[in-house]
Each structure stands twice: as C-alpha cells, then as structure tokens.
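Next come two complexes built around subunit A: one with subunit B, the other with subunit C.
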Partner chain A sequence: MTAVWSVALITFKEGIKNRVIFGIFIIALLLFAATTVVITLFMRDIVKVAVDLSLSTVSFAGLLTLLFIGVNLFGKDLDKRTIYMVISRPISRSEYLLGKFLGIVLLALTVVVFLGLMSAVPVILSKRFYYYSEARFDWMIYFIAVIYIFIKLAVVSAVITLFASFTSNSFIALVLSLVTYIIGQSTEGVKLLMASKVEKIDVSPALSYMAEIAYYVFPNISAFDLKTQAAHGLSIGPSYIIWTSLYAVFYIVIALSIGVLAFRRREFP
Partner chain B sequence: MDIISFDKITKDYKTGFRKKKTALKDFSLDIVEGEVFGFLGPNGAGKSTAIKILLNLIFPTAGKAEILGKDVGDKGIRKFVGYLPENPYFYDYLNPVELLKFAGKTSGMDSFKIKERTEELLNTVGLWNERKRAIRSYSKGMVQRTGLALALIHDPKVVILDEPMTGLDPIGRRQVIDLILKLKSEGKTVFFSSHILEDIERVCDRIGILVNGVLRRVIDFKNEQLIKSLEDTFIEEVDKAGGLQ
Partner chain C sequence: MQRSLTTAILVSFALIGSIFAISRVSLERDNLHQKEGIGLVMPSQVAQIIALEFKGLFADAIFSRAMTYYGGKLIRAEKLSEEEWDWIYRNMDTATDLDNYFLDPYYFGATNLAWGTNKVKEANLLLEKAFKYRDWDWTIPFYLGFNYFYFLQDNENAAFYLMESAKRGASGSLIPILAARLAYQGKRTENAIIFLQEIIRKTDDETLKKAYETRLNALKSILFLERAAAAYQERFKKQPENLDDLTAKNVIREIPKDPYGGKFYIDKDGSIKTTSELR
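Right after this comes the complex of A and B.
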C-alpha cells in the first residue's frame, strides 16, 4: 500500500504544480464571473440558469484537468521514460498503475472541491437578485450533484488509466478517452430512443444490438449528470444514489483490472 | 557469491510483422560481490537491453537473470538495487528533495533517514544549494546528478548505472568516477556501461565487451595484462565480430 500511496502522492504533486491547472482554474473562475453577468439577462428561472451554468463549469474544468493533465501524467512517464525511476524501485507494475490512477483521482477531487465551493457564489448571488424565493432549490441536492461530478471524473480517470495501460503514446490515450466520454454521454439517450419505438423510425436489429453493446461497454456518463435535479430541486432517491455509486465502483474496478492485466506484461525498452 | 547473474539470456525485439531483431544472444555473465564491472560496447550493442532486463523493465525472450540469487521479477530485490537510467528524465515540476523522498519511502526508509541521506547525497553531487528548484529548470548535467542521488538514496548493495557519464562536463565525470571508487571502497557491487574507455579502465575490476548482442570478451584487470591499449582491443573485438550490424 505504501508503494501505491507514494506513486499517488508524487503523481498528485506533479499534477497540482503543473501550470496548466492554474489556467484551468482561471478559465473556471472567469466562467463563474460570466455566469453572474449572464443570469442578470434572464427574466425568470434565474437560479436554475445559475445552477446549470455553475455545475457545467465545474464539470468542464474537471474534464479539462483529466484530459490535459491526467493523460499527460501517464504520457510523460511512458513517452519520456520517467517510469524507469518508478518501477526500478520495489514497486510492481500493478502498484504503479493503481497509484497513478489514485493520484489523478486526487487531482480531480481537489479541482471539484475548490471549484465546487466557488460555484456556489453565482448561485448565492442569483438568489439575491430577486426577492421571491425559488422554493424548489436545495443546497443538499446541489452538492450531491457536485459529488456526482467527482464520481464521473473518477470513472473517466479509470478509463484514462485503462487506455494508458496499453497505448503506445499519450495522444492516442487522449483521443480514446475523449471518444469514450462523448459516446458514454449519449449511450443512454440512444438506448432510450430505440426502446421508445417511435413510429416511422425503422431501426435495424443489428443497429439496435450495437447500441445495446455500446450501452454496456462504455461508461454511462449521463447517469452522473444531476444538473437537472439540482436546477429544479428534484429529490434524488436513495436507490438512485446506491445504484449509480455501485455502478461507478463496478466500472472503475473492471477498467482498472483490465488495465492491470495489460500493464503487467508491458515492456519499457 | 554472485550478485548479478545472467544465464543464457536472449532478447528479441519485434521490429515489424514477423520481423525481429535480436538485441542479446545467449548472453551469460556473473558479477561477484564488491566487484566493479564495466560494460563496453558500441551503440546498439545490447548494453542497455541487458541492464533493463536486470531492472525488470523488459523481459528476456529466453534465459534467466538474477540479482542476489533471486529472479529479477521479484520486486523485493529492487530494495537493494540502485539504478541510473541512460538520459534520465524526472518529474518536471518536482524538486530533487521531493524525488528523493519518494525514492526513499518506496525503498522502505524512514523519514529521518531520508532527510539525512538527502542532505548527504545532494551535497556529494553538488546540488544542495539548488535543491528547491524544480527539475525542469535544471541543466542536463544537473538532472544526471539528481539521477545519481536517486540511485544511491537507499544505500543499495548493487548499483547499476547506464552511461552515467553522458552529458557531464569533465568535473561531473570526475565526480562520478570518485563516486564509483567510493562505492567500491564501501564494498558495493557496481555494474555500469560507458563509452569512455579511459574511465572504465580506471575504475573497473573487470570489463565485458559486447558487440551485436554477443559478449565477445571479458577482461579481468587483476589477472590479465592487456598487450594492446583498451581502445585497440575494443576495436579489434568489434572487427572480429564482423563490424556493426
């Protein structure tokens, strides 16, 4: 465990000191400021708009962190062979991979905690612009949505770890992770659309089968998107929380297990 | 006692579909305790391949490599091994103290010992005053010296250095030579590769000449007097092997 934790810490330190992260924080803070300005243009549902934009900003910044820093933290190790310094120590390949994953997750956690708290500012301001209270807004649901952004980023981190375990360079890992994210966001929608059996749309069984496979293979990213619930103050049932959390854990374990299996036999010439 | 042992190692690299290149061919070598062994060979001879097999960075196609009597796949033995890769590259945004802390922790050292060794080693390699600077601002020689400190932080029994003189100025080279001599006086086993024949001759007990993946000759300086210079002997071995392939 010391080995995994040591790799995680050094990964986190390298990531948090990267200048790109300051750029991401600045972009996020500018977007929060822009949200505060933009919401004044709306006549109604001002809190809903603020919640939606604020949560989107946290999610966007987290994703940027993972794609530009997280992928790079793996990429540099493998492309520039920094990994020699790590696995020439009493650290197995599996411990290295798990430590790297944990380090990237810690980075995502830092981003979500910092920006999640900052994101409350536009929401608080939006509540003050109008005197009437929007009864359905609930801070509890808002912060559950923030936690779900973190869970989503942890799943994306596992996907990045999986791709980094067998791809030969970081660019391929970046493209594959991004494609997985995009597909993962729409699989549920596509599956629901096909299941709805809308008239006039004739879906071939093969296509339907492919959509079904994609639904199970790619992570269902949209399941972690609770912006609508937070914006409208809709309650989130405990069963939803339990099942989506279990789904995330299950997906992470599967992705990391495949990654570890691939990485165990990987050579670094 | 054999500290390092290569037993009939062959290593093939795939270079394309159904194509392969043999980097090491039936390579056997034993290095005993307290010995300084120099690995000599032209570029692409297979020196780094042999070293990487020892560190379990790559796996042999055939044969077996051992350190301290245990298979190199056993991660536990790396607690006793210090390694400096060729052209090392470390984490850009960290400083050497943070790197050494990581290296010490993963080698099972306690925090007090890590601090003590960090100060000692950074002073030895001349980086103590620069210790708070991120590695990305370091020159090539400074990175190399950081690598040396990293290889030695846990006071390993076996020190494996891949081209340790690369990128160093004459003073840096001298420091490395002195360091190897110091390790030798402490009874450590040192296995290193280099192109600089003069340095190899000065510090090694034995040298091995590797050409095209085949160990052509092992020279024991204690028992063997070279008739020709090491340079001529080396070139002769390369020629005998049919030149570089």
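Right after this comes the complex of A and C.
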C-alpha cells in the first residue's frame, strides 16, 4: 500500500508541476470572469445561466487536465524509458498502475476542489445581480453536482488507466479515452432515442442491440451530470446518489482490474 | 540602427493598415449579416446527443442567438417574416428540449409569439411544455390562462389555468377571483384590463411594458365606449348606429384615440372595434 501511495504522490507532484495546469487554471478563471458578463444578456433565469457556465467550466477544466496531463503522466515513463527504473524496484506492476491511477485522481480532485470553490463566486454575483422570484436554487444541490463532476473524472481516470495499460503510445490512449468519454456521454441519449420509436422510422434490431451493448460496455457518464438539477434546484433522491456512486465504484474496479491484467502481461520495448 | 528603423517603419505602417482594415472589415461584416438571414435549427434529438454534458450551455447559446437576431430586427425597426417567426419558435423549442426547465425561452417565445405575431398556438405549445416541467412556477399557468382568455376567447381553459396558477400560490387574491368570474363568462374587456394591470405590475422589461401599456390604454378606451354605448341604449332604447351618435347626443364628449393609430367603430353585433385591429 505504501508503494501505491508513493507512486501516487510522485505522479501527483509531477502533474501539478506541469505548466499546462496553469494554463487550464487561467482559462477557467477567465471563463468565470466571462460568466459575470454573459449573464447580463439573459432575461430572467440568470442564476441558471451562471450555474450552467460555472459547472461546465469546472467539468471542462477537469477533463482537459485528465486528457492533457493525466494521459501524459502514463506515457512519459514509457516514452522516456524511466519505467525500467521503476519496475526494477520492489514494487509490483499492479501497484505501479494503481499508484498512477490514484495520482491522476488526486490531480482531478485538486482541480475540482479549487475550481469548484471558485465557481461559486460567479453564482453568488449572479444571485446578487438578479434573482427571479420563481427561480429555484440550492447550494447543497450545487455542491452535490460539483462532487459528481469529481466522480465522473474518477471514472474517466480509470478509463485512461485502462487504455494506457496496453497502448504503445500516449496519443492512442488519449484518442481512445476521448472517444470513450464521448460515447459514454451519448449512450443514454441514443438508447432513449431508439426506445422512443420515432414514427415512421424503423430501427433495425441489430442497431438497437448494438446501442444496448454499448450502453453496458461504456461508462454511462451522463448519469454523473447533475448540472440541470443544480441549475434549477431540483432535488436529488438518496437512492440516486447511492446507485450512481456504486455504479462508479464498480465501473472503476472493473476498468482497473482489466488494466492490471493487461499491464502484467505487457512486454516493454 | 538602419535595421531597427526599417522595422519600426514597417510595424507602424502595418499597425495603421490593420486599424484601417478592421474598420472596413466591420462594415463588410455588417453588410454580410444583413444578407445572411436565419440559419438552420438543429433538431433537438441531434442537439441532445452532440451537446454531450453541456446541454444547458447549448440551450443558452441557441436561445441567445435567436434573441439577438430578434433584437437586431427590433433595433432596425424591421418586421419579422412568417418564416422568421417560425424559426424563432423552433429555436425556443429546441432550447427547451435541451433544458426542460429553462424559463427564458419559454417566456421569450410565449410573449413574443403571442404579442408580436399571431402564433398563439405555438406560444401555448411552449407554455404547456413549461407547465409540465416547471411545476412550481405559478407564472406559467398565468400566462397560459391569459393567452386562452385573451387571444383564443376560450374561457373554460383560461379559468382552468388561472385556477392552477392560484393553486401554485399566485400572489394576491386577484387571480382566483378573476378565474372564478371567467368561468361564468364575464365581460371580456374589463377582465382583460385587470389582467394587464397585473402583468404590467410584474414586468420589468421596459419594451414589453410599453407594449402592454399601449394595449391597456386601447382596452380602457374600448371599455369606455362600450359603457357609453350601453348608456345610450338605456337612454334611447336603441343601439347607436355609429360612435358619432354618442357625441351628437352628448353621451360622451369625444371619441378617444386608438393608440395603435386606427379608428374606433361599432360593429354590426354592437361591439366596439377598431380599424387598427389592435395591432
């Protein structure tokens, strides 16, 4: 466990030292600043627009961090051959992989905590600026949505770990992770579209079967998207929280297990 | 020395050139925009999938694009064509499909489609969607009730939605009373005046407020003439043939002006109408 933790800490430190992360933070802060200007263009649901922009910024910054820094943290050891130094030490391959995963999850956590707190500023400003009497907003739901952004990023981290465990360079891992993220966002929508049976459009059974399979294979990332709920103060039941969290945990365990299996058999060049 | 001088001259030349060019570019862009017209509306099923997790942002963007377009037209004092209104409706529909609870497109679509053009049906479709999702918001059934009552003369539905609005905690005791009276099919003009006064009180948009006030003044004039015609009938036991009868027989001193620029007249069925048709 100490081995896992020390790899995680090194990975985290390496990631936080990366200059890209400052760029991402600056973009995020600029977007928060822009939020305060953009909301003045709307009519009544101003707090909703501010919440949309704030939470989307947090989520977007987190994704950029994972895809640009997280993926590279895996690739570096392989590209620069420093992996030999690591695996020659008393640490198993699975410990190394888990440590790496934990490191980028820590990185995502830092981004979400920092930006999540910052994101409250434009929302507070928007509430001061104009709060329509029939609008609904609740800080508790807002921060649940922020936590869910972190859960989503943890799932994406597990997917990145899985792909990095067997691909030969970080660019392929990046593309695969990105594609998985996009598919994971849309499987639910596609499944619903197939089920809705739009009139006069016949969906072939093979296609709907494929959509069904994709729904179970790829992570259903849209389940972790609670931005609409946060924007309109719609309550989230405890069972939703329990089941989606369990789903995230199970999915992460599956992805990491497959990743560990692949990484153990891997031969380094 | 020679080199840096050349560079400085070149840079200042380019700087002046670029400032001149950008002013021309903005002019050219303006011309381009005027010819550009309305764009495509993304079908909501497609938008829902490609928006990924940023559905709320997509809704904001679609809404603000249509609103900006409408605003530009308004500033240039141009009238929107039938297709443009249709485009606005479809944009509002897509935006609210992406975020079912987003008030602005409902509000913008419903008020402008009903008041700006004759698309009350579309306005009500939007409002009914809002009624389903925003199930705490009393203003939605209020607007719906108003549209049914005022534009469609459907007192039954109007009463239903006003009652719903009252159930959701509409402020003030005015609305329930009104709803009850509507159910008994009271006088249209008087009720409309009460409605409009209520709406004006809650509107902070100056342009909309002005539109409502113009309508309110016209309705007040109509109510005034209706009452005068009723008084005439009581006094002379016959209907006035035209409004000049009212001034000739000293029932009223003068005929009020239609704020929409038309002229008031008495229709065959005895109701007061105007040549501007309140438009």
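Assorted remarks:
Heads up, the rule we're going with is that the second predicted complex is superposed on the first by the 264 of 269 C-alpha atoms of A that agree within 3 Å, B and C clash if a C-alpha of one lies under 4 Å from a C-alpha of the other, contacts with A are read in each partner's own complex, and residues count from 1 in each chain.
Operating definition for what follows: contacts are C-beta pairs under 8 Å (C-beta built on N, C-alpha and C of every residue); 3 or more make two chains touch, one makes a residue touch a chain.
Here the structure is a predicted model, which is why all the values come from computation and not from measurement.
Shared-chain residue A:145: touches no atom of subunit B or subunit C. Of the two partner chains, subunit C is the only one touched by A:190; subunit B is not. By the touch criterion stated above, A:10 is placed in contact with subunit B alone, subunit C being left untouched. Shared-chain residue A:2: touches subunit B; no touch with subunit C.
By the touch criterion stated above, A:268 is placed in contact with subunit B alone, subunit C being left untouched. After overlaying the two complexes on the shared chain, residue contacts for A:58 are found with neither subunit B nor subunit C.
Within the superposed three-chain model, A:84 lies in touch with subunit B and out of touch with subunit C [touch as defined at top]. In the superposed model, A:225 makes contact with subunit C only, not with subunit B. Subunit A uses no single residue to touch subunit B in one structure and subunit C in the other. Subunit C contributes residues 45, 48-50, 52-57, 59-60, 63-64, 67, 99-104, 107-108, 134, 136-139, 205 to its touches with subunit A in the complex. Contact residues on subunit A toward subunit B in their complex (touch as defined above): 2-3, 6-7, 9-10, 13-14, 17-18, 76, 80-82, 84-92, 265, 267-269. Those residues of subunit A whose C-beta lies close enough to touch subunit C in the complex are 41-45, 48-49, 51-53, 56, 59-60, 132, 134-136, 182, 185-186, 189-190, 193, 198, 221-222, 225, 227-228, 231-232, 234.
If you check the complex, the residues on subunit B that touch subunit A are 13, 49, 52, 55-59, 75-76, 78-79, 81, 83, 85, 88-94, 98-99, 102-103, 105-108, 134, 147, 150.
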